[in-house]
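Below, subunit A partners subunit B and then partners subunit C, in two separate complexes.
Now for the complex of A and B:
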């Protein structure tokens, strides 16, 4: 029997996962690419229509805006949570981690519906504020971009916290102590010693949240009131309502390319290899 | 209209089965067994072939299926002894066509729409209605086609919540666009169907000239612009149940919704919090069509259509799910407390127009994109 080379061993190990990706992901995606240039007629007509349509342009704009704001919101809130868990909550860490992970046990659909119960005109938030005398008329907390953002930040928060937390827990506190010992203020020690060390975690959190948010569908559809039309909802609209498979496919190809571009641009500023591949 | 069944998927599987049958890869028995297994032909097994006098009526499922069975079908069986079965799998034009072309027709009578009825007639898929048997005067004017005849109707109506509006209720679409006097959120459908008409009337165009106005690019643009003006006050509904929820949760004070949903809301909302006006409503009729070579034969089906024209039964239909009687005689028999919710009462008919399928066939796709753009851009 010949010796199995290391190279061959690696391939055997990843083969099942790779096969699933190729059969159930790469192949259908190629099918979508094909539909986008063949229906209703061969050529790039769908792409021309897409670029010409101001509805599509607006929808892309909304998609990127919502994704960006969601990312910033998750980054700020998530950083604080991760920082606290990593540095202060030693005894409570398991509990706090459980609280971060808990939302994963409930489907996005249910979580979005819960926000409807909370944010509605006669929802829990508005009723409470009114009963406490803060407002006279209900605030418009949903069926607009605000509602979508609140719910999306909530849904995405664990995706921001987990990579940042993993990164922060690997940071030794001796550096900050040394800086403090050398006379740096607490703020200076954080800013010039701690923060730079957390950037890889921050960047992977940001990329994860942003890319996931770009393709979000359920939450905007439920809480946007039809006016926060993100691109994935627009794709559904084309395919289900108008049977316009060609245009719907072209839109999804455009979304895929836009997402790839984001990663490419990000790669110019940060070292993606170190963020996504190397972990301490 | 209110079902969670995935019709699209089922329809697709049926079409596949029909296709197979055509290619000779499924036997006739196998074909029927396949459809039976899918629940497409409930209670209809091999006996369907042995008993040609059974009538299979097809509609879109949900509660409407049970009501149709109870109100029209069971009463017909009582009167004639002929079994009538309702199949709720959704007789889309494509499905009827696939069935007729395959030569394996199992449906006798289908609940279609005016647009589909016209297309199917042009393609030679359906049979002419025998107006010697079916009385043309017993259906709403404009709903008797060569190969299709009205069976019930519903409308796009102006629904309001007087409590939220402080008792000051919009009476017309013009009022709906008047945000200063009638503050609050409005809901419109996530599609131009039945919506552009209201935006056109809001510009003061008289009822009779609505589709004429929408016949030009400028007319469409003007209607779209109305939505652009109002959009800060708009929440859209995608499904009938969504429109119902928006009213129930007091998210909206005003809306353009289906009369069948309004029929449910009047019972669900507390006294004095729900109102319906048919002023400027758009009537959408359901149309019976008979596929070519239907198993029960044309004559049997015509007799069943005549049975369905019975005004008393149509009133029952209205009471149960809000489907408006297509027979003008029925209006007088509607209980007074229900009359305001009847889309086909003489008072309500006078203030509405008939949905124009031809317009949609020509303009819908381009108008939809403008509509989305107006709402989001």
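Now for the complex of A and C:
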């Protein structure tokens, strides 16, 4: 009896969210799948064109490369920040946490534009370097992959820090103490005792950043200036410039599948369930 | 068994540790003899862990010196001190198997692979965990984790083992078993044990010497029997076992005998430090040193107010007009009477049963 009512309650509670997902997300996605095999004519022509096109291949390559480098950058920078916040008692800890969270309150668009102001030909960075006499001609800091990477790493950093921080805060300091008491140097204790315990946090940060980065649009579009065509921007081009709905949709499907593949491969090595749900 | 303090393996001089205004360690002096089983005993917050952590190198002293084999290690990092340590809560590395945990101290010392394998196996067998080498720590019970922690702490053959309440998380039965095992390991290995506990029975049954801490100060130290039979302060008399306390006036003295009067009771106390005692003294009287008998047989008349039967012993609270409630503990088969609330009895004790305490 309670079984039934509990079940019933579950569905009542889940229904609104589920309805929104189905109407505004699943249904349109299915629409895209459909377009990809019906426009401009029925069949897999779009997919054949996609596989044949070297531009598409280059774009996928750039996408994965940018996502991978962004992930590594976020991982290294984020690990250091998370480690410091989690392991050094300080009055500044709340402030540090606020600084990590702050970017979430500022739109990605604004943050990306700020980078344009900083990295442009006569942006703050170039001007300062020139005024100090380090360079004669301005450095090319944007409208190339470097600019995209700088901004991407900045935008993605909180997604790397937060899961790692949550994980590190759950690790008692007695393990490292025990290791040192048993003869390990500070570095050995970190490497063989602390680091392995942070791997779940690292994995969830890595997955989060990588998967988000694969589909990122605004930042590469603004900082790349049309020269660093990641797949989402490429799709936009197909649809807005060439009205090639079919090819655009096929590319979307490909991106979705690629992302799913990444998760599937990750699932072979780590327990996704515990990484994405338990955060411990 | 008392250890001659010829050359202490470890000595601590004037150790001070402050946390704000709180003195976690307040001018502590301590010498530890090689091969000794030394227990630090004290109530919660008395500074036991702080003292052990200072020895291990996790707590920086504000003042004082620690020497090991006559070399100063006060400022040495923990990994240079070569102590084996068992933590409160064990701290087994969760990402390593039991085998790797035990091998860890050997690996960081870069021993040969074959030696590591042999020694690891030897240690695990010693604590009867040989069959669990491939398990992860979370797959073990509390007692098993404790054994692994012990094997890990001794795998690199340290001369001193530091143990912080290693048995506190275990149930009573298992604890008693492991106490025996620890004790026999100690005599087997010849290693110095510095053992922290707040359980007085554990301290009494295992130690060669007990150091009693309170508020960061050493209250008294000595062999278990000495401490139990000759506590110096009310705190020690009360903390180590139970005691009745009597505040008495000294009315006379005769060689090693004090004549005492306390609230209508007059009695003699035999003690060897007669000269140091003033006109008033506080006396401690162990419950098992009190005799209970039929009215008129013993010194004082009293009335039973509570009885609790513990199997081999019987604890009786009797009320004396002047002295108030007194706890008597007697073997059940010895009492000529059957104590029950309201029963009129008499109580007494031997001249040497009372211990004269110093003012706290």
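Simple rule for what comes next: the second predicted complex is superposed on the first by the 271 of 280 C-alpha atoms of A that agree within 3 Å, B and C clash if a C-alpha of one lies under 4 Å from a C-alpha of the other, contacts with A are read in each partner's own complex, and residues count from 1 in each chain.
As a convention for this text, contacts are C-beta pairs under 8 Å (C-beta built on N, C-alpha and C of every residue); 3 or more make two chains touch, one makes a residue touch a chain.
In this text, all values refer to a predicted model and were calculated from it rather than measured experimentally.
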item	value
Combined model on subunit A where subunit B meets subunit C, clash or fit	fit
Subunit B versus subunit C as contact partner of A:174, first or second or both or neither	second
First, second, both or neither for A:227, with subunit B first and subunit C second	first
Angle, in degrees and to the nearest 10, that opens at subunit A between the C-alpha centres of subunit B and subunit C	160
First (subunit B), second (subunit C), both or neither touched by A:188	second
Partner chain(s) touched by A:121 [first = subunit B, second = subunit C, both, neither]	first
Which of subunit B and subunit C A:59 touches, first, second, both or neither	first
Minimum C-alpha separation between subunit B and subunit C after superposing on chain A, in Å	45
Contact residues common to both interfaces of subunit A (with subunit B and with subunit C)	none
Residue ranges of subunit C touching subunit A (in the complex, touch as defined)	56-58, 77-79, 81-85, 87, 89, 91, 93-96, 104-105, 108-109, 152-153, 156, 162
Touch list for subunit B against partner subunit A, complex	8, 185, 190-191, 231, 234-238, 249-251, 365, 368-370, 372-373, 375-377
In the complex, subunit A residues that touch subunit B	53-55, 57-59, 62, 120-122, 143, 225-229, 234, 237, 240-242, 244
Subunit C partner contacts - residues on subunit A that touch it in the complex	172, 174-175, 177-186, 188, 192-193, 196-197, 199
